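Each of the next two complexes has subunit A plus one other chain: subunit B in the first, subunit C in the second.
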Partner chain A sequence: MMLAPDLPGFADPVADAQATFRAVLDAMARPGTIHAVAPGLDAPAPLDPATAALLLTLVDPDTPLWVEPALAPARDWIAFHCGALLVAVPEAASFLLATVLPPLDTLRRGSDEAPEEGASVILQLSALGEGTRFRLDGPGLAAPASFAAAGLGAGFVAAWHANRAGFPRGVDLLLGCDTRIAALPRSVAVDQI
Partner chain B sequence: MNGYNFAYLDEQTKRMIRRAILKAIAIPGHQVPFASREMPLPYGWGTGGIQVTASILGSHDVLKVIDQGADDTTNAVSIRRFFARTAGVRTTTRTEDATVIQTRHRIPETTLTARQILVYQVPQPEPLYRLEPSRAEGRRMHGLAEYGAMHVKLYEDIARYGQVAISYDYPVMVNHRYLTSPSPIPAFDNPKLHRMPALQLFGAGREKRIYAIPPYTDVRSLDFEDHPFRPHRAQAACALCGARGSYLDEVIIDDRGGRMFVCSDTDYCAGRRAAGHVGTEGAAA
Partner chain C sequence: MMTDTAPPTQPNDAEKTPRQRWMAVLARAGAEAIAARLRRAEAIPEWRRLRGPDTGLVMLRGRSGGGGASFNLGEMTVTRCTLRLASGLVGHATVAGRNLRHAELAALADALLQDPARQDALLADLIAPLAAAQQVQRQALAARAAATRVQFFALQTMRT
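Our next item is the complex of A and B:
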């Protein structure tokens, strides 16, 4: 039996989801730029307000969601507020919630005819704006930009190269840390500085 | 407005459209299917653009709506009123003041900035439609980036007419990958698509497709080395404001063949007149 969780979702579901979406929209359109979201959202442990806000904004009964086992304490909150279908294997998910990036080649990457079916990973990072530095280039960027994050993992650049090699198929990343978000769409090129 | 959610659409519909928009941005120029809703306007009146606008609009936005460049035509007025009523947002006719601009078949003359979003109403999102009527086959051609048929069409135009005979909805390659319809904007506007600082979103309601061009993305109008793309413009100056660089509408003014050319972008024309520019038929503002 699922119990109603103690913590509420957005205080104003319509306006807060819209504000969060506009931040995600800008983050996705301008890869690597960092945006503030979710002021005042009381996120369930171990989720940060940013990742919780991303879930409330984008995930619902239409989107099979895989939740990393380490984040299992938040499952009831997610099930209650998003109504998401929680799936057991990453391959079955259109959204994934994780603190450690799953191997990208195991996730849904869409097909050449329907690349939009590639998965979106909501990744909770330990730092955004500091940490390992990367160089980004691609659509959305007027010139190559630098981007820093901690928690993407050691083999990230190589994994991202492989992800991008299959373009238009691929996986998109939504990054959250504390109350800030950024995004790496599959179209962006990432190199370590 | 009582009885309706903010900006008309329910939240689950907005989430579905928002997810489609994000995938569209991640795959520039690719048409993402979405579950287009029935709107209180008929198909062909901008239902795709309206659904995209409704999904991105917030209470702080300032909305501008244009129809063929004009703020005061039926389609623009009714869509602007629709969002003023259902979302209570501020509306404007000034391009500089708008945060979201919904457009039917024009790009404003005023250069757009990074804090603006341009939403296009798209009747036919599939650029291969006239060459390949099967949607399944069209999708396969996009999947394989097999666009030879469109190059043959352009070649045949040149062989037959001496030039590419497409004056609007001129096909473009987005980010060197997807052949994309810019919607029926005049070919004159095509160069503005290239590396535009503003995000460009395209909604086709009847055809149930959303696609996007992220900011600063390469957009190339299809052409040949020996027949480079040339945007067309009437060889005249605006009769009201004297502009020689804007896109012009030809207006019939009597039944004896009289006509005049005026800026299609009414806000741009009014701004120029307010700044003191006067054309041959214009009175000082």
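Our next item is the complex of A and C:
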């Protein structure tokens, strides 16, 4: 029996997914920069349009997805529109959808031969561009840049140091808030200001 | 259709649920035929498209000898649509070909048919005549095919 969500996905599935994918590429290439996505997407509660657009663009039946229990009301919508394989444990997922950053050291980190198998966390934040300030440095940034977000958690900088130490293995972070996204790829160094 | 050679996962006609039966009839009917009969139905509520109608390919799988190992037979163009009535009922349709309107009308009819208040009327006015027309068509085709039937006695003897 097919699940029946209440809301549609992208109005124009091909063009909207391509535009969002372009925004994800730009966000990953320039860590910390903020990009607008999902104009007019009617996201299911409790998802923001930005996180919903990231899911529609990146997740499909080939990518096991773990959904934080607090976001469970959106599971039907995700299963229907992404066709995602929903898994019960974070360790088995290649994408994770959360509002609280899960412990990064428990997630898939890939291997030195196949670092692309590392998991990506889609994190829905309460604010992007304001909140706790961080200093970013690394590939894609000509000079250290400042970045602000609320909701990454107290132990984030230490957890990120540990995540970066295993490069090229590691976890990538995609951040969504309202209709805007940013990304912290595993290559970026983060320090609190 | 030879039901005796169908793989065990395919329900035969008697095992199909009523919904499977009307979905099959709607998928085989033409868009015009469904539209003409739905026009007579009263007060069709507003609906919202949840997905599609969009066209894509599905891989058809066959079984060697009808019940043996499965293999990929080939890809087929289908159009699917899912919509939701204001009342909350959700209709699905997947139809062969690229007719977007056919998929949407079939999904709409599927959603309306799930409404207990409308089901009997729609089954009588929409599904029954379409099913009857399809049955006549099938019989005509079977009769034409039967006229050219060749019995391979030698092969049949060797197999048994």
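Here, the second predicted complex is superposed on the first by the 191 of 193 C-alpha atoms of A that agree within 3 Å, B and C clash if a C-alpha of one lies under 4 Å from a C-alpha of the other, contacts with A are read in each partner's own complex, and residues count from 1 in each chain.
The rule is short, and it goes like this: contacts are C-beta pairs under 8 Å (C-beta built on N, C-alpha and C of every residue); 3 or more make two chains touch, one makes a residue touch a chain.
Given the structure is predicted, the values throughout are model-derived calculations rather than measurements.
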Identify the partner contact of A:P13: answer first if only subunit B is touched, second if only subunit C is, both if each is, neither if none is.
both
Between subunit B (first) and subunit C (second), which does A:C177 come into contact with in this model arrangement: first, second, both, or neither?
neither
Figure out whether A:L101 sits in contact with subunit B (first) or subunit C (second), or with both, or with neither.
neither
Between subunit B and subunit C, more residues of subunit A are touched by B
Now for A:H81: first (subunit B), second (subunit C), both, or neither, which partner does it touch?
second
Return first, second, both or neither, reflecting whether A:A4 touches subunit B, subunit C, both chains, or no partner chain.
second
Of the residues on subunit A, which ones does subunit B touch that subunit C also touches?
13
Could you please specify the touching residues of subunit B with respect to subunit A in the complex?
5-6, 11-12, 14-16, 18-28, 30, 32-33, 55-59, 114, 139-140, 142-144, 175, 177-178, 195, 197, 199, 212, 214-218
Where on subunit A is subunit C touching in the complex?
2, 4-9, 13, 80-81
Contact residues on subunit A for subunit B in the complex?
13-15, 17-19, 21-22, 24-26, 28-30, 57-58, 60, 62-63, 111-116, 118, 120, 139-142, 167-168, 170, 172, 185-187
Flag every residue of subunit C that touches subunit A in the complex, lowest number first.
48-51, 54, 82, 84, 90, 92
